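Per-chain residue numbering starts at 1, and chain names A, B, C, D and E are given in the order in which the chains are listed.
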Amino acid sequence: MTMTATEARREVVTHLRLEGVTAGYGGPPVIRDVCIGVERGRIAVVAGPNGAGKSTLVKAIMGQLKVTGGSVHLADRNITNDSAERIARHGIGYVPQSQDVFEDLTVWENLEIGGYLLSKKKSHARALELLELFPPLARMRSRAVGQLSGGERKMVAVGRVLMLEPSVLILDEPTAGLSVPLTEELFEVHVRALADAGTAVLLVEQKATEALRVADWGYILVSGAVEVSQPAQEILGRADIGEVFLGGSTSVVGEGDEEE
Amino acid sequence: MSYYLTVMAMYILIGIIAAWGLNLQFGETGVLNFAYVMFIAAGAYTTAVFTLGHPSANGTQQYFWGTHLPFPIPWIASMAVGAVLGVLVGLVSLRRLRGDYQAMVMLVVSLIATYLVSANTGFLNGQTGLALIPAPFGSVHLSELNYRWFFVAVTAVVALLVFDVMRRITGSPLGRTMRAVRENEAAAVALGTNVVKIRLLTMAVGGAIAALAGAIEVQFIGAWSPAGWTYPETFGLFAAVLVGGRGNLGGVALGAFLVQGLFLEGTVLLPSLGNPDLVGAVQWITMGVMIMLFMWFRPRGVLPERRRRFATEARSRVPLLLVRAQRDARG
Amino acid sequence: MNQVLSSLGFGIVTASILLPAAIGFTLQFSATNVLNIGFGSQMTLAAFIGYVCTSHGIGLWYALVLAGVFGGVTSLLLNRFLLTPFMRRGTTFFGMIVITIALSLVLEYTIEAIWGPVSVFYPLSTGGIVHVGAMSFTAEQLVIIGIGVALALATHAMLRYTRTGKAMRAVAGNAPLARASGVPAQRIVDLAWLLSGFMGGAAGVMLGISLASVSFTMGDTMLIEIIAAAVLGGVGQVYGAMLGSVVIGVLLEESAVVLSGAYAPISAFVVLVIVLLIRPTGLFAGTAKAKGVAA
Amino acid sequence: MTPVADGVVAEVERPAAAAAAVASHRTEPLLAVEEVSVAFGGLRAVDRLSFEVDPGTIVGLIGPNGAGKSTALKIIGGEVRPTSGRVRFDGTDLVGTAPHEAARRGLVRTFQLGGEFGRLTVMENLLVAVPGMKGQSLLGALAGKRFWRASQDAEVRRARDILSGLQLRDKEDAYASDLSGGQRKLVEIARALMARPKMLLLDEPMAGVNRSLARRIEETLSSLRAEGIALLLVEHELGSVERLCERVVVMASGSKIAEGDMSEVRSRDDVLSAYLGRRR
Amino acid sequence: LPGASASTAHASGSTLNIVSFVPFSGPDASFGDLALSGCYPAVYAVNSAGGAMGHKLACTTSDTRGDPVDAVPAANALVAHSSNVVAVFGPSSDEALSTESLLEKAKLPTFLMAGLSQYDYQTNPYYWRLTPADAAEGVAMAAWAKGHGYTRAAAVFATGTTSQGDGPASINGFKALGGKIVANVSLTPGQPSYNTEVSQVVNAHPQVIFFTAPADTSATFFAELHQLDNGVIPPTLVTEVAEEPGWITAVSGAIGLPTLEKQFAAMEAATPPTTIPGWSAFHKSLYASPTKVPNVSQYVDDPFTLSYYDAGILVALAIDQTRSTSPAVFDSAILGLATPGAGKVVVHTYAAGAAALAKGKKIAFIGASGNLYINKHHNVAGAFAAVSEGTNPHRIALVSATLMAKAAA
């Protein structure tokens, strides 16, 4: 996959595409002129320091913040500033960084709400499937999510968004609080499988190294602007970036060798 | 007209004092005291029985006990009663209950109090209430009108004192801790804050101030009855705090001025419209609409809570006037 | 003993009125996080509309339905054109309480401006008393009990057999996330207001029938009992509200037997406070967190 | 339990505890968790958990999601009352005391989620944590600015230093509710530092924090240890745990399944299978 | 025109106001209508006859909201704007005591609505009470029951200001006359039901009930009494509350009109039949007046309405007679104008009175309430009638003065 070829194709078929998006919270814009995109079947990672504007970026995509400049496209549809509900109906699934679950509802009910757009029967079947995919959740299906541990909540949040089998999946730090094996499983099993099934995945991550390992493309956002936009493997190889944004060494102790 | 001005001034000042007390509880600490008017009433009744004299001296009125003591003892007694009542109510409702439950329990407590006083004629003269309560400062010899202005002036001084106390509390580390309790109780506890104590403290101080407002009011009006402190009156004060700006003393004062003064009393001056029978109703409707308009244009109040910045270089920014007021208060 | 039983009959009637009212109040609160102090006034308004219907010769029970529909529609419109716009402006939890207080003022005094400060009355039948043991019921009271139970069952069915109940709680708990999951939040909120208005309207007429009079402060007086029932059951818990209604309704009547009538309301509320001290989150404690109380 | 009863208990227990300390050739541990259990409904979230932390050491508490780590911290910090067992800190039994008592005695806990004071500025968030600051009592507040101003100014300066270290200096006047997810975690750490604790209970301080910043936090924690402050660190980032902790306690399903240094623990089969708990 | 040359503070032709100072909102909001329903026809009668001394009269309002906290500023506003005010209608019992000191300052003829016993022997020259005191009414109830040979009575009173006057008076009066109070029950308004109170009454088997409560509370109470007593309602004596708008409708809605007609009697100030000329004149003005309260027909025989109509006319006539719009001057003329006597021409309308005065005659005005018999305490004598609704619309005075005196002893 050469860079130029990818970029050329991106112009045509990129499923989710941001063109020069500017957005913020009423004051000076937090993100400025951001251009990113992701194709179906691919995984793109957005990394960057705390407060760089990553979450702001995805909130802007999801219609939770007003986009004051630029545009957001889904396939050939302009979804800039569409209502959150319509964006969901267009098939974009989203796990926010915080407030990612319905605390008053049980695990099962969280899944049901995730499948709100499905028929009752389908939703039921899909929820059962997901409980199989995340066995710990099955044990707590009738417990209120507000009482779960930090990691368990995240599992529910991810489970909820998978109910719909979205065409675009946006995960804002889905692994914060997840144990190492679960993090790996999420990246290497679930996210990969979704991408292989044709979903376009946009992953916001602080665990950038691990995320980039499964990703196709990487963006690094600094102070609200895209500083780096490169294939994931190339970023992993760049010593300069590794030092500044990925936390020094790219081989963090104790991760890969836990598995067996 | 001048008479009327004194009444307006008094009602606004009393409203401001009461709203500041409520703001300490609700604006700063986040205690939803829906029984607030009960504390005003407690202060009013206390001052009433401390000034009316022995019950037998007031043939037609029945109350359980009474004496006649000079200013300012009744006011101080009222504050003490308000503070104690605040702690008692706080102990019952604040220790275990969660915010919205506290609010509703307080609402119910307020109602219970109204019922109790109304149902027991022998306690505080029941539904009829107490009347002919003597005015304070008996030794001051002034013409009627000047006396009223004198009363207004005393109340204004009291209001300044209350302002100073409020400013000291809200501007201090204590005030910050109160706001921390409001924002996140669990986190405040984890940092070593005794949340129960902070809440009870707010209940006591706020209760004392509410009672003070009631004490002043009852001596100004000369009468007090259960009809004057039904639970909706509490909502009026909440409206004042929110319209003016929760957590901002100036804003709260402005809110009290608007809601207690302009909306409530100002509408008394409305010209009689077509059918004078409607005036009463129209006044209330106007008040409702005004509140909505203010909330629409200033959702966080006319003067919202200030963001507290910390100057790199420490410098006192207390206006001269207040410095003098503080000195007077101490001297 | 006889007295206790006979009061139980009245307790059941009161409970049957509280039932739809408390369900409506709680349902709307749990779905929208708006503590609607104007609920009592909305009830009163609907009760007056019921009066307008009966004075135009419409039968009492048709009037009840019409008043319910009127209550539902006005509640929906109020939400659309008043409350939702305020919510969109980021009005806080308490700000919304103040808005509903203002709304209650406007409604109540509009009623007074139209109908005057006097009470109005429904045409009631004065015959036929049914005895059930020591309890006795008029025909109207029996119908009221029937309606109360029917509305409770209907609510149960809606919550049990549709996803609406869950969607309501989801929207209340985390509206942005609910929208992002494709839940039509606005429609769900509208529905909650519609249902609560309908229940409140029906309860208003039922109250007017039971009291044999309709006055413009009637609903406001009832509001405390509604809140008590809702709190007792656990705020936002519809089934809790059902239980709370029955407990408060019966308690109000029975405590009048044990104590003197003047203390009846007090004792009912004292029991509420005591129950809450023992079970701080109500009888049907959910996991619900304090609703935006610091916000 | 009333404080008086506490005293009595402490009096009775002291000889035994002292003997134990002598036997193990160690000074008395700062924190001793003894056979602590708690259940939520039928679920035993923490099951007869015991371990100790000595002054000036960092102990890691690790385990799969839902193992009971946060609950253990909540028990130690006083938020959750255990159904049985004791928590001794600095010579006193904490169980049964008021929930804020632990922090008063210098045992401060951070939150895994949602610990910020939303509509307080970052600086205010930090200042709230300062223990026993002048002007925190009613009388102190009424005494006026002159009384507490100087001590607050000193704390403000200290807070600014801490914020600079965490790259949050420019967010000093921002409301905590307007911060990014990672920045909130940083405020959490900064607040804990402000509290001048004897011991810190840190619940996943590095989750969501940028890696390079996380390394700086590690350095800060090491320097705290050097000052004699003890730390109990719950963290999924095992790299950090390995670099920082003398000793780790591994939990699974509420109970301790292993204890030792990281390399030792890491090689144990039961630890590995617990970590792969998803396949249990 | 009379008074054209009078020296007064009021510019000739300026409007003079009669302020109704009573609750217009809150639970007692209906008091407002009582005062206004008397004021409007009086003002109409005066104005259509050319006005008092050429001044037009007008009815204005000041809402006390029924509690002292709101009444005090309203009273202050009234005092402040009193330059064009010639009379006050009100205050009611809700705010009378708390506003007394303020209203005294206004030195305006004040026609109390309060039945409080505090005013039974009052000496303020500006205070007038043209309806009997609450206590008198209670005594009248006792006397009536005694007169009908009843010995067992139940007293049922709603908590509230008026019942603190009526209740004890009826109970003590009945005991003084040798009767027995078998049940003494108080009703807290606004309850969802009163079945315990009702049971107490039922179980005590009274021969007669002394009763007062607002319309809505009464409806609930009697509906339940009807229900629990198997449709039997003992003879019931109700205070003048029964004359308030809606009360009859309320209770007849609850128990049926036939029962109401048969078993109930309402106490009210004994007014002569509505066929007297003063009443006819009032009745005409009431409907002719362009401003009316809603549902005005409810007020045609309300004693408050009638007495306020009379008060309005008396004030206008006093102005004409003294040729002064200054209350300090004309107030003292009111008593004489209301009291017939030798050499006085009795008039029944304002127009007739003004014309007679213009001719320099001495007059006495007997208006809608008939002869008021105002005593030196500016109170009216308080002979009562027990009035029944329905088939017998004419009034039957049943309480003799001697019986009343005995009961009051």
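The working rule: a contact is a pair of C-beta atoms (placed from the backbone, for glycine too) under 8 Å apart; a residue touches a chain by one contact, two chains touch by 3 or more.
Note that the structure is a prediction, hence the values are computed from the model and not measured.
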For subunit C, the least number of touch steps when starting out from subunit B: 1
Any chain in contact with subunit A as well as subunit E: C
Set of chains whose contacts include both subunit E and subunit B: C
Length of the line joining the C-alpha centres of subunit C and subunit D, rounded to whole Å: 47
Between subunit A and subunit C, centroid-to-centroid distance (C-alpha), Å: 43
Whole-Å gap between the CA centroids of subunit A and subunit B: 52
Separation of mean Cα positions, subunit D and subunit B [Å, integer]: 42
Per-residue multi-chain contacts in subunit A, two or more chains: 147
Multi-chain contact residues (two or more partners), subunit E: 24-25, 27, 29, 32-33, 159, 188, 293-294
Subunit B residues counted as touching two or more neighbouring chains: 115, 119, 183-184, 277, 280-281, 284
Sites on subunit D touched by subunit B in the complex: 77-79, 98-100, 102-104, 108-111, 114-121, 123-125, 127-131, 133-138, 140-145, 148-149, 152-153, 156, 172-173, 175, 191, 195
Parts of subunit B lying in touch with subunit D, wherever the complex brings them together: 165, 168-169, 171-177, 179-180, 183-184, 186-196, 201, 205, 305, 307-310, 314, 316, 318, 326
Touch list for subunit A against partner subunit C, complex: 62, 64, 83-85, 87-89, 93-94, 96, 99-105, 109, 112-114, 116-117, 120, 144, 146-147, 160-161, 164
Residues of subunit C touching subunit B in the complex: 35, 37, 82, 86, 89-92, 94-95, 97-99, 101-106, 108-110, 112-113, 116, 220, 224, 227-228, 231, 235, 262-263, 265-266, 269-270, 272-273, 276-277, 280-282, 289-291, 293-294
Residue ranges of subunit E touching subunit B (in the complex, touch as defined): 20, 23-27, 29, 32-33, 36, 59-63, 65-70, 72-74, 76-77, 79-81, 93-94, 97-98, 100-102, 105, 117-118, 159-161, 164, 188, 291, 293-294
